[in-house]
Amino acid sequence: MRIDLNADLGESYGAWTLGDDAGLLAIITSANIACGFHAGDPAGLRRVCAEAVAREVVIGAQVGYPDLAGFGRRFLDMSAADLEAAVIYQVGALDGLARAAGGRVRYVKPHGALYNAIVHHEAQADAVVAAVRAYDPNLALVGLPGSVVLERAAAAGLTTVGEAFADRGYRSDGTLVPRAEPGAVLSDADEIAARAAAIVADGRVTSVDGVSVQIDADSLCIHGDTPGAVAIAGRVRSALAARGVRLASFVEA
Amino acid sequence: MRIDLNADLGESYGAWTLGDDAGLLAIITSANIACGFHAGDPAGLRRVCAEAVAREVVIGAQVGYPDLAGFGRRFLDMSAADLEAAVIYQVGALDGLARAAGGRVRYVKPHGALYNAIVHHEAQADAVVAAVRAYDPNLALVGLPGSVVLERAAAAGLTTVGEAFADRGYRSDGTLVPRAEPGAVLSDADEIAARAAAIVADGRVTSVDGVSVQIDADSLCIHGDTPGAVAIAGRVRSALAARGVRLASFVEA
Amino acid sequence: MRIDLNADLGESYGAWTLGDDAGLLAIITSANIACGFHAGDPAGLRRVCAEAVAREVVIGAQVGYPDLAGFGRRFLDMSAADLEAAVIYQVGALDGLARAAGGRVRYVKPHGALYNAIVHHEAQADAVVAAVRAYDPNLALVGLPGSVVLERAAAAGLTTVGEAFADRGYRSDGTLVPRAEPGAVLSDADEIAARAAAIVADGRVTSVDGVSVQIDADSLCIHGDTPGAVAIAGRVRSALAARGVRLASFVEA
Amino acid sequence: MRIDLNADLGESYGAWTLGDDAGLLAIITSANIACGFHAGDPAGLRRVCAEAVAREVVIGAQVGYPDLAGFGRRFLDMSAADLEAAVIYQVGALDGLARAAGGRVRYVKPHGALYNAIVHHEAQADAVVAAVRAYDPNLALVGLPGSVVLERAAAAGLTTVGEAFADRGYRSDGTLVPRAEPGAVLSDADEIAARAAAIVADGRVTSVDGVSVQIDADSLCIHGDTPGAVAIAGRVRSALAARGVRLASFVEA
């Protein structure tokens, strides 16, 4: 048994710091590094890339809408042509910094509102897929299992990576509990660690309604911007080890 | 005899258009394409890259300060680390778009206030050189002959390309007449074309003081944002042809 | 009979120019001046304010989403709190420039995608209304007749100004033909002028289906970013004069 | 004896938080609130304005260069016209938010690199002074004693407020020790508090060379972005009270 652990990094910006990049890099196997559109300034991104290379953590491009003020968390009705070019631009920019640091971008994970939009939004999903293919068809694409974007990516011949969330509530149909509803986000480290182990080792998670739901995930997402994120991530890692799960990036497969 | 003709392209932004990119691509041999920091949105840049590829015009990254409001024409006191990363970011972003269009970035030309700053500013000059080397040491660097940045670039093993300006006044010491002074910018197409031919075929230009000055240039810069720019560029091309000068990019050498 | 003529101004940005502000100021009675979020840099906005004051054209704040790259033409899913504060910020900024030029902001007209969103989007409509009230309840609010935002504004005690479009096609139910459909935008100056006269003098316009539709408008919007915009505006003005319509801003009532 | 305590507030941006605004508002008498150019999003600025009003802390506009990525800490070579308009724009925007919160902007304090530039840079100093006068000549202007900007402001009839820094080292000529040099920044709370008391009660501070230097200050600046800033500010306040110094804003005079 093996699983990938991914987390969002490089989300500081200029004088503003966010998250504990160094702490997370000691735990995760895949770093979703921001690309400057929702967060991340070039010098900061370069440092994170260098740290990821030093830690042998795989680098992914965490692409988003061009919306610093909204941290990429607000839907922006971009045309397919604009979004496709914006994704290529971001991946290229981060890849440049990654290569200057001795690494390179190996996958793409859309961020925030873009991530959520392309679960259903066909034109934007197609634009993201087209961008990844245009930049490098060998890059993997990380997203929500069952999303339109992963369907389209698979149809286009891209490697797709479905991810699960140990700290998010699931509904009985396997979808996530919306953030505005009760049970959407878990904060207890032990509970999150136990769920992580169940998701990976058993392929199952208990829904907010108490139903055991099947989950097929190639990666577990660790949220880094919550209090105690690194401690939780460490607990998750330990719980997985206790079940004999090996941590490894999906790109090494 | 041969010479390269370069011009700034891709300097539109969203709803705002600037310059006649298609018109210039029919004339020049090297396109300094903006990278989104002083001008250029991703979708527009991608289109210009595609047009350059179709025209077989060599693509260069026209990197600048992050200053859309000032069009990169205002000095910004960036630290070496910030500037170096910003240049890598921009080159990578444009290279991604260029590769998606079937081409790739072959050289770097700093824009506006950055171009002028690194004639003298050692820390920023070193940062630009370090960025080009870190991204790809095979990229050429275009700048002002005699500038600190070209000295440092040559010392670092980069291919350097000194450029001349057929539409700018020169002082008797070979430096450019500052824009605020009389005689700084020429607008007569015939005069510009004649100067272009003299610079390339004779290696000389007449200064504002009437002195014949030696000029060693690997490329001629054509300004695209002036009225009648394309017509002037066409006249320059004809004048060069009349002197038996072949137009060819420096990267083909 | 009297009518207001409004047009979008101040939509240049730094090195990029858009529209013929001076030409339109000679014709219109109300200037919707951009506020820097979708277009307009401070120095340019200040100049337009000064020109409007000199021409005795009433100044309005043309507020938009924070989206320079998209020129405010893409829906952005801002929260009510963020949008309300963003509108206050923009109105205050423009009012500062207007007052420094000897004038002041007298009304607010949302721009682009925000204009369209608040025809239906209740939370964003309420946010715009709340912002105007918080800044100055004596400011008028310009919008589409029948829109949610004008309903809410009227209920909140604001002066509302419904506008008509002489260069847009109407459907038989009085709504605008969407831009993607045939007949959405008219370009013939004579036809536009004739429709303007019919809208104001007769209160009627002929729909794309040939039906005569009633139109109640306090202002006519003149688009300034189309080719020949100033010439069309002049034709509209002449056609209105020929029908005995006096041009006057709604704030003079 | 009385003194004003000022500190920088509102310097968060979207998802990024910086400083303890609420903690400082309990201590200071004047809040230099960012205006969105170097920091501060509209909704966050509005909240800080409301808190300042609730705390009866005087609101000032902390204007800066348009440089989010650099936090306004990098010199930008803006023209006088651009800078003047940018300052009016920022003051107007913040004043709008302040008025919506029941307060209003009472003074202007330039931020970061702009603050430092206008100690010497005449054109930019004049632009800031002209902007304040154009917006509202009753606003006070806070700056470094002896700076060009305060000289010009006084000559223009503005109320000027010279400030001292209890946590910065002074040279024997009364100027600040540059940040790159030893002794530039103090971090010991007791020492800072003692210096604050000496500056206000005695009008003197001890330089890095051990010389007692005369200081005439109308306000003490409290840095809020350092660790323990609120605790230090509280210690300063207590030390001043112990010397019988009353804390009061300069605008109440």
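As written, the chains take the letters A, B, C and D, and residue 1 is the first residue of each chain.
The definition used in the following text is that a residue touches a chain if its C-beta (ideal position, glycine included) is under 8 Å from a C-beta of that chain, and two chains touch if they have at least 3 such contacts.
The model shown is predicted, which means the values in this text are computed figures rather than measured ones.
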Ordered by label, the neighbours common to subunit A and subunit B are C, D
A-C, C-D or A-B checked against B-D; over half of contact pairs coincide for A-C
Averaging C-alpha coordinates per chain, one finds the centres of subunit B and subunit C separated by a number of Å equal to 41
Averaging C-alpha coordinates per chain, one finds the centres of subunit A and subunit C separated by a number of Å equal to 42
Residue numbers in subunit A touching two or more further chains are 41, 69-70, 79, 82
Contact graph of the chains (line, ring, star, complete, other): complete
Per the touch rule, the subunit A residues reaching subunit B in their complex are 36, 41-43, 45-46, 79, 81-82, 84-86, 88-97, 99-100, 131, 134-135
Subunit A residues touching subunit D in their complex are 11-18, 39, 41, 68-71, 73, 225
Interface with subunit B, subunit D side, in the complex: residues 66-67, 69-70, 74-79, 82, 113
